[in-house]
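Contents: one structure, followed by commentary.
Chain lettering (A, B, C, D and E) follows the sequence in which the chains are written, and residue indices restart at 1 in each chain.
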Amino acid sequence: MAWCAIENRYGDDKVSSACGLFGYMDTSGALHAGTRIIDAICNMQERGNGLGSGYAAYGLYPEFSEHYAFHVMCRDDAARQELDGYLRRHFAVVHDEPIPHRHVQGILDPPVVWRYFLLPLSAQMVGRSEQDYIVHQVMTINATESAFVVSSGKNMGIFKGVGHPEQIAEFYQVQDYAGYLWTAHNRFPTNTPGWWGGAHPFGLLDWSVVHNGEISSYGINRRYIEMHGYRCTMRTDTEVIAYAADLVMRRHGLSAEMGSAVFAPPLWSEINALPAGEQRAMRLIRQTYGQLLMNGPFAIIVARNGEMLGLCDRIHLRPMVAAIKDSVLYVSSERAAIHLVEPQPDQTWTPLGGEPVIARLGERPRVSGSAALCVTATDKEPSYA
Amino acid sequence: MKRIVIHEEHCIGCRLCEVHCLVQHSRSRDIIKAFRTERDTVLPRVHVEESGPISFALQCRQCVEPVCIEACISGAMHRDEITGAVVCDEAKCVGCWMCIMVCPAGSIQQNMTGGGASGRHIASKCDLCYGAEVPACVANCPNEALTYEEVPEAAPQE
Amino acid sequence: MPEQRLTDTVLTAPEGVHVVEQVVLESRGVPYRELNARIHGLVEEGVSAIRLNGLIGQRYIGTNLRHPVHLTIDGVPGNDLGAFMDGPTIEVLGSAQDGCGNTMNGGAIIIHGSAGDIIGHSMRGGEIYVRDSVGYRVGIHMKEYESMRPVIVIGGTAQHFLGEYMAGGILIVLGTNLGSGVAHPSHYVGTGMHGGAIYLRGRVDTNLVGKEVGQMPLGPEDHLILQRYVGEYCRYFRADAEALLRGPFTKLAPLTKRPYGRLYAY
Amino acid sequence: MQPLTHRGRLFACQSIRDVGDKMVLSLASAPAFIVERDETRCIACQVCVRQCANDVHYYDEVDGSVRSHDAQCVGCHRCVTLCPTHALTVRTNPLEFRPHANWTGEALRNIYKQAETGGMLLTGMGCDQPFRIYWDHMVLNASQVTNPSIDPMREPMELVTYLGAKPERLEFRPEMVSAGEDGERPSGSCMALTTEASPQLELQVPIMFSAMSYGSISLNAVLSLARAAEAAGTYYNTGEGGLHQALYPYGAHTIAQVASGRFGVHPQYLDTAAALEIKIGQGAKPGIGGHLPGEKVDLDVSRTRMIPAGSDALSPAPHHDIYSIEDLRQLIYALKEATGYRKPVSVKVAAVHNIAPIASGIVRAGADIVAIDGLRGGTGAAPTMIRNNVGIPIELALAAVDQRLREEGIRHRASLVVGGSVRNSADIVKAIALGADAVYIATSALVAMGCHLCQRCYTGKCNWGIATQDPYLTKRLNPDMGARRLTNLLRAWSLEIKEMMGGMGINSVESLRGNRDHLRGVGLNQVELDALGIKSAGF
Amino acid sequence: MENTRSVQTPALDQTPRIVIVGNSATAVGAVEALRKVDQSAEVTVISAEPHMIYSRPMLSHYLAGEIERPRLAYRGADFYARHNVRPVLDDAVVRIDPQAHSVTTASGQTFGWDKLLIATGGSPIIPPLPGLDVEGVYAFTRLDDALAILEYARKREARHAVVIGGGMIGIKATDALLKRGLRISMVELAPAILARSLDEVASRMMSNLLVDAGVEVLLENTVTEVRSSEGRLTGVVLRDGRQIACDLLVFGIGVRPNAGLAREAGLKVNQGIVVDHAMRTSHEGIYAAGDVAEAYDLVVDMNRIVAIWPNAYRQGATAGAHMVGVERVDPGGVAMNTVEVCGVPAISVGNGNAPEEGHQVLAECDERAHRYKRMVLRDGRLVGVILVGDINRAGVYTGLIRNRIDVSGCEDALLNERISLLSLPDQYRKHVVTGAGIEV
């Protein structure tokens, strides 16, 4: 069991990690094979140390688009059997199968990986919304030591584990999947030998989060999230970001722009310079959601069905580059990774700290915030043909 | 020019201004020596006026048209060209007490020992601690009841 | 909320107030915050008399008013009627609950019925008239300051701790509901009292009076006080002033301004 | 200098002979301190004589020297501080009883004193008993390698704090935008706020001056606090002393207290203050009332409290309109009504055993701010036994309350302000990390103004001009200097807080607040760690 | 005469000419005041004396041997140069021509002026006694007098002097000669010494001090004849017939204003030249100040000569400023003087010796300690004070007199050992404490 841990064996408050991340979304909805994202994330190999990587894709299961797709890992077959029973008691299981995978040099003793397509049993929901029910069940399962729900959204899935990105891609055969939105992560944890559940992307419902950095406000972010009924079992910033996004952008209904203002709000001095109406709103956002302010270095890509948000902390302690090519928006830790997969972007820019980069299905991607105001500062890329 | 401004409501009547004025004008400038060995030859040039809880430390008000200069028969009392302060040139003073007779603030005193050995009678008054950035009484007031401020020249009082 | 404006004569317009218009507010079911805001708005408009119909438990009526407006309440006002009040006259056509005139600074409260506990708590100015009886701790920690001298007149009797901690002001209890020769039933009258005066019409059992308080003979000044405020009481409630003033009255006043002088070891 | 032949002041003086005349069985009157005068340095300038309100020093005209009545010394250091030749020092009287771990000298002296007087023991300032100070058993975190510390000298570091109820969530109405042929659709990026905000106090530093009434402290002391609060962008608290005319200009930085005595509470008072605070209890004396003796109620105090001069100002133990939690709600809303819902209402309680549910009740009663005062808090006079034995340390109370409010999902409904011996900026950082929105400081503020904690506030002879109304003494605190020293203190602490936050990689105080991950316990047992909700250092 | 009018108001581009007749405190006051605001005026100081500016009141200190001659200089040797003044010394003005706007000196020089300040001071009163014209008889007002006395006393080893006059000059001469070791007989016509300044008590105290020091004080007496032998003084004969052998006779009776020139020029002159609050005489363009002027005395509320040094300087300053266009009003003088006998100082300000009738008099006396205070009040205001012994706060009283402060209610404080400003009316205290308009 030493190698194939799926639970956080140290119980550390927080698992620090430095990382590379990459995400792109075709807002036209066109599907892309996993090859490009594998190339992109593998190009940032220096940013990881082989202790975790993963991929999230949306538009993955059109045939089951109305069902919750659970990607699960189990310690062993017995655990998988136990989980199977649990899921069938709480859900209507429409379909299940092992996630196709192959043995890879260097990946020893992997967990049992499986996927279920489910619908909640309404009788069991007792007053909870469908989504809250899913959240509750995922948390219950993830609180055990034997099984772990990697992703639980519709028409999406997360493939992750302990290994270099190319190993994980090969293990899961990621290149064989197609999605309109892909994110990927290459991990460099400092304080744990790495565990399968702790790899990125982190998923809950259809949220997936890849994250680079360490949030100094983690302690209060977590307490705030827990005050709202979430249970943090992973001890990672990424988990907290996913829950925070779920709370603010799903349960409280804030837009991605507002959510960004919650996570990386302007400084008070900047707020004081805003026009009265915006000032009031922004002040109230900080007053209300101050405990969700993500302080310290981070760059994140938060994705859900139809939307991708790239954001880095408000004083830009972590790198992030964005680019647009036609209907596709790219967000990456490094510019080179974008150029590798898209040699001639229309525009490339570095978003300001706290300034969200947002792609939405059906909306042409736009250069964000300050860079949009200052087009001359964005590079028109030379051709590398 | 800078003047010493008196803040009566802050004077606590401790008389440290007197102590430090005396030290400043002693030969040794050493507080213990000044009190132990020079006590009879040097006077503080500031004096705390006290009545019930009210008190304030009074020293020469640096009048715009000083009556002491007007009355001085020896030319000792003069306005220093560098500091602008009204000072008594003790080498010239003959102790006629005309200045004491006219100073409405009563802030000039007889020094009957004239700096000691000579035993001369001289008028003793505040010289704003000649050349000092801040006079000793101001610098040593524990409650900032004296401040040293640039004050606009106003109409003469006398 | 339903609102009706009419020119009406008010039952007891305070002196000097020229009633030009009385606005009637139907208050049943209106939350107090809304109701008070509405009253406040009317007063700001310049309305000088408001009648609240169907009031049923709404709190803090008159609390945020700083004008000599006249409020007539048909119903049962909630707690803290006229708390922190400074100016209005409130007339309750019925009974009131607890905390009337809490920390009141000026104005008047006239209650055509009885009232609950802690009437006039820490009151510093103004007058409260209760036609019938009142509950516990009435006039507790009343104070006076310079020309401000609060007055509470109670027609019936008060329950225990009347005038506790009283530091100033005038508390008059007329005991109209007491049978002849029956003593006032309030216990611990004037406990901790260190200012002001309590006038009880009729007898009080010395055992029931706080040890800091003494029974004093009435002087000419006391009679003037009684004439004035008992007279007011009678004017409001159409009672027989002459009969009430016949007394006999018991005056209670503190024996010392410093009831807790020797508490400490220094 | 004229030899001083008269006393500048006329204090009621108990001379050493008066004491000697009394037959006493005890050492209660033995000097607590010994005044040592270095005769080789003393210049007989008599500054000490003029400065001691306890008449310790006197000038002997016969031999022209200054001497001391040690028995009257309270150890306030006024003379030591002002002596221009540093000829004076004051030390504890080494006189000792036979050692006894149980019957200590203090225990014996207390009994002697009470046997003689029959009165309650009285003292000033907060609890001086050696209870564990949890601040000193918590250590802070700093970033190393895995995330960067921030340099507050160069980068923004935000301490701005808003006190008041916050909405649980914000509601936005999406603005409709044209979607071409499909007509209109809600915009993802343009949204209009529809949530109503509650009134907030804006603090530039998460530090406020806690309640100290004019009467218990001098007007100059209150003025110093008010001016410093204005200069530093924070608030001071009137205590139950009313609002002196001189303080009205600082209304925007005033938290006006409504305590059980309701002294000085009138419409203008409520209108002037920025916020109101209902005082239920205070750390130095939970559960008991206050008592300003009539002799301290001079004309000015009388005007401010709106009571006749010379009369006792008695603050009852409870508010007599609050005998239960729903009564608190009634008073909270009475104040909100009286101020048109424009001002936050705070409720201050002492930290006691079941503080968590009490705080929960206060929040549910509608308080916008809950202020909690711990066992070691207090600046004014308090009965010694109560001061030393009633209440719980603020660290434990704070941890319990913050956790409880979170568990109940109501933490946002009120801000949490804690006091009770916050001695330095690290205490503040720890308090905020435990969950406080801001802290109240009082003793620290007094010390900044000159207090030397001699704990004789109740005598009215404060040599530093703070806890007195004697005009000879009150002028010793120049409010300009007091304000400057307090402003300096806040500035210095702010700098340190920013440095500590920067070290943690945090650039806004919101991210420190309740962030217990940045705390670790040292030398605490598991029960204490659990009560504080922190891990032991090493984990 | 009409055609000279234009000179009085010179056009702006013309440099005004100012002539000051006299070279003492008044002249210095005038020069210093006018040079504060005007650097262009052409200023000429003309003096009959040959000396640089010296201090007349210092002569007694010089006579006593307390100071060397250089210290008599009232201002430095560079005074004229620094103030751009042309000195014309040792050349007395003999004629003032108001019409021609000129003065003429003994040497025949004529100086034109646009403004003229007459500051000729006074001359010692020497009664016409028989036998006066001998060696050993001197006045005591000018440097030349002092030099002559010293020269004579040294040369003749004078041992016994008779001083005529028990006023300020006489006392100062007496005190000075005492310090030179001479035996002295002082002859005063009045029944008391210093009678013009001191009341009976103070006068007696000072007199006793003189007697204790060995001075023979002869009151209600005067010298009627001067005896000499071989042209040298040998003694005097008094009115009562007594004869006193002496080898030095000093007249210290007083001075008479040198108003002759002004009178001759047609200016209005009583005892002295009559001037207004700006020191203007009856003739436009001509000012007078100092011991020669009869100016306003604010205690007696009328014009009179108060021949004291501070007045001379202040009046000179007023005139000087006014001559260059500064509208300055002299507040008026107050008679005051200070004298010291055998180390005991005495100060008299205003009407310190006024009689008790019509005044409120407060007094405190400790003759043994040589301490005395006498306050004279009229209508609640201090109008005079006499201090003997402790004089350290004398100026506070002078201020009260000068500013006509109503001290009703604080009378008790006036006699305090050390009068505190805090015992005076609040407004006045603040006025004094703030000095030049500084807030208290």
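One rule holds for everything that comes next: contacts are C-beta pairs under 8 Å (C-beta built on N, C-alpha and C of every residue); 3 or more make two chains touch, one makes a residue touch a chain.
Being a predicted model, the structure only gives us computed values, none of them experimental.
Fewest steps needed to get from chain B to chain C, stepping only to touching chains, is 2. For the pairs B-D and A-D, the count of C-beta pairs in contact is higher at A-D.
Averaging C-alpha coordinates per chain and comparing to chain A, the farthest chain turns out to be E.
Compared with chain C, the chain whose C-alpha mean position is the greatest distance off is E. Centrality by C-alpha centroid: the chain sitting nearest the overall protein C-alpha mean is D.
One inter-chain figure worth recording: chain C and chain E are separated by 82 Å, centre to centre, where each centre is the mean of the chain's CA atoms.
The mean-CA centres of chain A and chain E are about 103 angstrom from one another, to the nearest whole unit.
Each chain gets a centre from the mean of its Cα atoms; for chain A and chain D, those two points are 47 Å apart.
The geometric centre of chain D is 68 Å away from that of chain E, both derived from CA atoms. Counting only residues that touch two or more partner chains, chain E has none. Counting partners per residue, chain D has 2 as the residues that reach two or more other chains.
This structure has the following touching chain pairs: A-D, B-D, B-E, C-D. If you check the complex, the residues on chain E that touch chain B are 29, 55-58, 61, 66-67, 71, 73-75, 309-310, 313-314, 317, 331, 336, 338, 340, 345, 347, 349, 391-396, 398-399, 402-403, 419-423, 431-440.
Interface of chain D with chain A (complex): residues 143, 145-148, 150, 155-156, 158, 160, 162, 164, 166-172, 174, 188-189, 191, 193, 195, 197, 200, 406-407, 409, 411-412, 433, 504-508, 510-518, 535. Contact residues on chain B toward chain E in their complex (touch as defined above): 3, 5-8, 49-51, 54-56, 58, 61-64, 67, 70-71, 73-75, 92, 94, 96-106, 108-110, 151-158. Here chain B touches chain D in the complex through residues 7, 9-16, 18-20, 22, 31-32, 34-36, 43-44, 47, 50, 52-53, 55, 140, 142-145, going by the rule given at the top. Listed in rising order, the residues of chain D touching chain C in the complex are 113-114, 116-122, 258, 260-263, 265-267, 270, 291, 293-294, 302, 306-308, 310-312, 314, 316, 320-321, 330-331, 333-335, 337-341, 383, 458-459.
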